[in-house]
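Take a look at the structures below.
The same chain A turns up in both complexes below, where it pairs with chain B and then with chain C.
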Partner chain A sequence: MTHMSGPIINDTPTKTTEKKITIDPITRLEGHGKIEIFLNDQGNVANAYLQVPELRGFERFCIGRHVQELPVLTNRLCGVCPAAHHIASTKALDAVFNAEPTETAKKLRELFYMGQYTHSHIAHFYALAAPDFVLGPSAPANKKNVLGVVDAVGVEIGAEVIKHRSYGQKVQEIVGGRATHPCFGLPGGVSKQISEEERAQMEEMAKSCVEFAKFTVKLLHDVVLANQDYMDLILNQDAYYLETYYMGMVDKNNKTNFYDGDIRVVDQTGKEVEKFKPSEYLDVISEHVEPWTYMKMPFLKKVGWKGFTTGPSSGIYRVGPLGRINVCEGYTTPLAQAEYAALAKTVKDLGVTGPVHHTLAFHWARVIELQYATERMLELASDKSITSDDIRGVVNEPTEGVGICEAPRGTLIHHYASDKDGLCTKINMIVATTNNYAAINTSVNQAAKALIKNWEVSPGLLNKVEMAFRCYDPCNSCGTHALNGSPALEVNVRRADGSKLETLKNF
Partner chain B sequence: MADKIKIAQYWGAGCGGCDVALLDIDAKILDVHALAEVVFWPIGFDGKLADIEAMPDKSITVSFYNGAIRNSENEHVAKMLREKSVVMIAFGSCACFGGTPGLANVTNKEEVFQTVYKDTASTDNPDFITPQTHLKVPEGEVDLPEFYDSVKTLDEVVDVDYFMPGCPPTVNLIALAVDAVAKHVTEGADLPPKGTVIASDKTLCDECDRERVETGRRIEKIYQSYEIKADPKKCLLDQGIICIGPATRAGCGSMCPKANMPCRGCMGPTKAVMDHGGSMLSALSSLLNITDSESKLSEEQIIELMMQVKDPLGTFYAFTLPKSLLRRTVTEKRKRKG
Partner chain C sequence: MTDNDVTRGKKILVVGVGNPILSDDGVGIHIARRLKEIGIPGVDIEELPASGLELLDMVLGYDHVVIIDAIVTNGGTPGDVYNLEEGDFERTVHGASPHGVNIATALALGRRLVGDRMPSSTRFIAVEAADIVNVSENMTPAVAASAQSVVDELAAELTRD
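Entry: the complex of A and B
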């Protein structure tokens, strides 16, 4: 990286005469979004809105479908984290069919899922976030992308990034049948046994991924944390700091777990305020609707919706890497635990007690999670018992159930009800990014107010506003799933001459 | 390099999987980097709509458009990219056939809003506030795209040059397209004829290596995948699991059957077939021995056999409803009712 020039942090603002500044589309995120910033008569920011202009409506059209198809239908909510939907959906089927998965099936699902985290967190850190940190927030727009990063850091490192993201995909493909839009999830198990050869191949890839994650941790320290300009940005409490509740999944020892566990919620001081099982989610979460966006805004039901405010009286909470790092008491793997301790020490030295409220710390938390995911992937791929043929548990009559996992972008909830034929009668999903939406909008508003003043605007400043949402790694594709109901269908089966043979109806 | 071609990749109503598929070409990305400048690709590049609007017509060599047309913004950007591009590719099953979001075509905007913003279990919206296309807020006015009543395919709103099916398209198919464009640009080779579907012309069964019963194929009972332990070597249909491979275009490498799960048809119908689900129903009725022995079966028996398919829509049209003949029937029926 010796040939790398320093990042361009700032640029020179010019005076605008417009009272409305539009960023359309916002970029380097998954899905659609646009930001409208309104200036007041003094040229300062009056308000900002991050609008999500899309909706597909899965909660409507999944009604009437056979519930066993939901893991492959709801995959299509998101092509960046289809594995998260596939796992939450399959776990919901476990609950719907009262089917306990076998030990082998659980391990295979989690191994597959660690492949997803490896792919997703590498893609976000290097392709979506790194341009802001390697090239700088104010670098030219046509350079601030993954190809610009490759040009800056060198093709050798670029090739390592490509290789290890690809390993994450490959592990998902081997275990899950496909990387994007996997198909192996069944109630109580998985569809496909893996061979010893495949296991050994995954073990090798996982070893390499652990090393690559170590490299990524070091890169974060060298390029970002060692650069005072970036530290000033990260610690800028006017622009990137919200005191909110946090939510994430933990195991019985309160260590982070992505695949299974209870959901823990802590307050602004780090005190546990909720710990719930998937089936209890409706006691904890409600969703608010605003007329200026298609995406809903979940909030803590017992605290209530108080608008875009923070603190203990506002039900706004955050999920994803920052949420998880704030609700957990550490990691079960040594390298991730060590880096978690490093982060804890850094914030303690800065005088912070309790949760990390610095929004840009999302990036650091994400890198710690990449380390954990690769270590956990190696643990599971090294376990020779995963090649067992004991991959299917006992399945009972379908009823109703909830499945939750931690998607890379946060807590992911799938809730289905089925009739006796297995047809879906009711579906509700609260998706990772949706949980964060109210906080993301608040963050964008906060950054815009802190950075744009006295009519002065520049591409670099606007990108710094975008950095306030980008660190959440939002996936608005996921967030705007919504579609239920019982679509009426009539199929006429005709003979070759066109005469009617039979009519099929589902109503 | 001054002579780089310009490419754009945009998503309509999609999931981002097509964008990840482009990343999955791995090292080939560096070839693309050498050949092309990405002018617009919101997932990873900072180009904004205004930048594209300012470009002259036909100044983008290739636009890959993924996702279906679900709202007015999807349509607007599709039309803009069409004007600015020499070649327009419908990338992935949503752009080609409507894809999974197309299943919404048995319902409409009103019902979707009712479910999403009112009826869902966690929604707290007693006043039934819904997103507005135009809204006065205290600081000014904000707009949202209009959510259409139904999902359209890309070729319903713009002229499409090539179609690349798949959910998402596989690395092999993408590499084919990239190579064709690269040869056209660097060596002046001809592009494929307009309207070409960049995939195989065979059926999925032709490329699936499971053993099939050769003569007298017949199934008595239909099973869901979770109800039996499917033999990983034998044809899934022969085992009573509905696999829609017979009606589906090859080109994906039969990934789902390889994972011991049935094909759900994401590659869309084969060239010869107009209606994906209709084609599969015909194949299934023959396997259930309905077509060949109509005289022997009573109407009740036929109904009983076919009613084993609990969700015909989701089984036969999971990816192609907006392109199917059925969809028109459903729409017409709704209009008559309304």
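Entry: the complex of A and C
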């Protein structure tokens, strides 16, 4: 690492005379999001919301199409996590057609999916999280981006980031047909056999990715965990701490699995309160609607919706890396398990019992998951049986079915019904960011209240509010991208009467 | 449309960016598909349903790259076509999407990290969109008409001796 002057964690706030702050569009958030912060007459935060935009007509677009088209249509919902949609959709088709995939097909799907995780988690850590943790939340806005990170850590590391992210893409391309919008998933299997040459190529790339993940874990320890100022920020319970339920997928031994398994829910003390099959999701999850945003807010049905509050009586749960690390009892691969144990020891030494409720711990969990994904990718790519031609299972008459996988951002649910000709009659999806939406709002509200006081705001303070939701890696878009760099954010600070006091935006 | 510095005999890539099921957002993809149907010798045509680092992977090794995308500007008229250069995006280099960067930042990152494999010229054709909210495989009429003009002009330019 080249010499650097150290992260800039704090800046000097100035007094504002306005009562509503809007952050719009949110920096480094896909899709156009907007944070509205309302101040009271004392200049403290009365309330804060994250509003998200709407895409209209997707359900109508799908009804009447052949259900087998859905894995390539639903993955068009998003330019960011199409692979996750493709996998959830393909698993929903397994259920619709009552078609058990072959062992080879399962391995190929999971291998493909580990490529997705590798690419996604590398991109998040280095392009989104690192500006906050390497350069600092209060670094100048024109430096606080991936180019600034490269300046700080050196071009050699930057080149390694690009290379390994690209390896993740390449694995998806080899197995999935296309890297960005894959097309290989079929009910009961996959459409494409891979060659021994391709397998060997993926094995080599996976080996390199395992090493790069080890480096990333070390970087997190050296730059973030060893810095007391950052630890103070992470452990700040006023700004970044929610005692919620957690949800995520586990295997039969309660180890994390991204591709297949049961969905486990634990409470604020870590006790299991639900464990369900994909087909049972409607027994567990309900959705709440707020008038000020297009996105619904799922909650645990048996607990109920109690507003943006936490604790055992509020049905709000969290998914994604923090959700998964709190519902699992470890990892099946050695390096990820070792790092999981390191995290467990650190929090135990801090006096934490049960789940990690510290919101910024999302980042540590994500890096552990990167290690797991690369190790699992290597396991699967080293398995010579994956070149078998046994890639399609038996397909039956279409009916109705649910497919669930863990998207990098959290639990992703696809539910389809089909008529006897295979035409789609019903589609319901709950995507990862939607699962987290109530919690993201609660986190934004909490951070705003803790950080903005007595009319004092600054770019650094507002960025620390953004950090409260950025760690969820939220993706509102499903299709949003733009040449003019529009994934962006506006923060509006408003007075109690709603009039605008201050606006900060990055466009 | 300007001739720019697209030179014959060099490796040329045309990339259509966008979401083909999101109305006008798909204009770049629709243009790329039509150019592919026409078939222009010596020119590779690709579709990119994402942005940022995926684009960086795609352009490496080419001499000249043309990127076609939808754009929404303040007060723009749907169907307007803009010819832009990499430098026009400097202002937006610092906005980034979660995965993790926008096109301008990705290209800047490429020049920093793998400059020897980056194209010597990159130009953008942007079409002002009217609808990027409703899910549809069809563009709105003004944008569809402009898409055809872009196809005709680009095909003529790229096949010119």
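Definition applied: the second predicted complex is superposed on the first by the 474 of 507 C-alpha atoms of A that agree within 3 Å, B and C clash if a C-alpha of one lies under 4 Å from a C-alpha of the other, contacts with A are read in each partner's own complex, and residues count from 1 in each chain.
Keep in mind that, in the parts below, contacts are C-beta pairs under 8 Å (C-beta built on N, C-alpha and C of every residue); 3 or more make two chains touch, one makes a residue touch a chain.
These numbers were taken from a predicted model, which means no experiment stands behind them.
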item	value
Larger contact residue set on chain A - chain B or chain C	B
Chain B versus chain C as contact partner of A:H415, first or second or both or neither	first
First, second, both or neither for A:V155, with chain B first and chain C second	both
Which superposed partner A:D473 touches (first chain B, second chain C, both, neither)	second
Contacts of A:P187 with chain B and chain C, given as first, second, both or neither	first
Partner chain in contact with A:W292 - chain B first, chain C second, else both or neither	first
Partner chain(s) touched by A:N145 [first = chain B, second = chain C, both, neither]	both
Which of chain B and chain C A:L128 touches, first, second, both or neither	both
Touched partner set for A:P82, first chain B, second chain C, both or neither	both
Contacts on chain A seen with chain B and repeated with chain C across the two complexes	25, 27-30, 53-58, 60-61, 73, 76, 79-80, 82, 123, 127-128, 141-142, 144-147, 150, 155, 158-159, 162, 165-166, 169, 179-181, 475, 482-485, 487-488, 506
Touch list for chain B against partner chain A, complex	11, 13-21, 23-24, 26-27, 29-30, 33, 37-38, 42-50, 70-71, 73, 99-101, 103-104, 106-107, 111-112, 115-117, 119-125, 129-132, 135, 137-140, 142, 144-145, 147, 167-168, 224-227, 229-230, 232, 255-256, 258-261, 264, 266, 277, 281-282, 285, 290, 294, 299, 302-303, 306-307, 309-315, 318, 326, 329-330, 333
Contact set on chain A toward chain C in their complex	25, 27-30, 53-58, 60-61, 73, 76, 79-80, 82, 120, 123-124, 126-128, 141-142, 144-147, 150, 155, 158-159, 162, 165-166, 169, 179-181, 473-475, 479-488, 506-507
Of chain C, residues touching chain A in the complex	17-22, 25, 48-51, 53-54, 56-57, 67, 69-73, 84, 89, 92-105, 108-110, 112-114, 124, 126, 132-136
Chain A residues touching chain B - in the complex, by the definition given at the top	19-20, 23-32, 36, 38, 40, 46-47, 49, 51, 53-66, 68-69, 72-73, 76-80, 82, 93, 97, 123, 127-128, 131, 141-142, 144-147, 150, 155, 158-159, 162-163, 165-166, 169, 173, 176-184, 186-188, 191-193, 281-282, 285-294, 296, 298, 301, 305, 392, 395, 415, 421-423, 426, 428, 430, 463, 475, 477, 482-485, 487-491, 493, 501-502, 504, 506
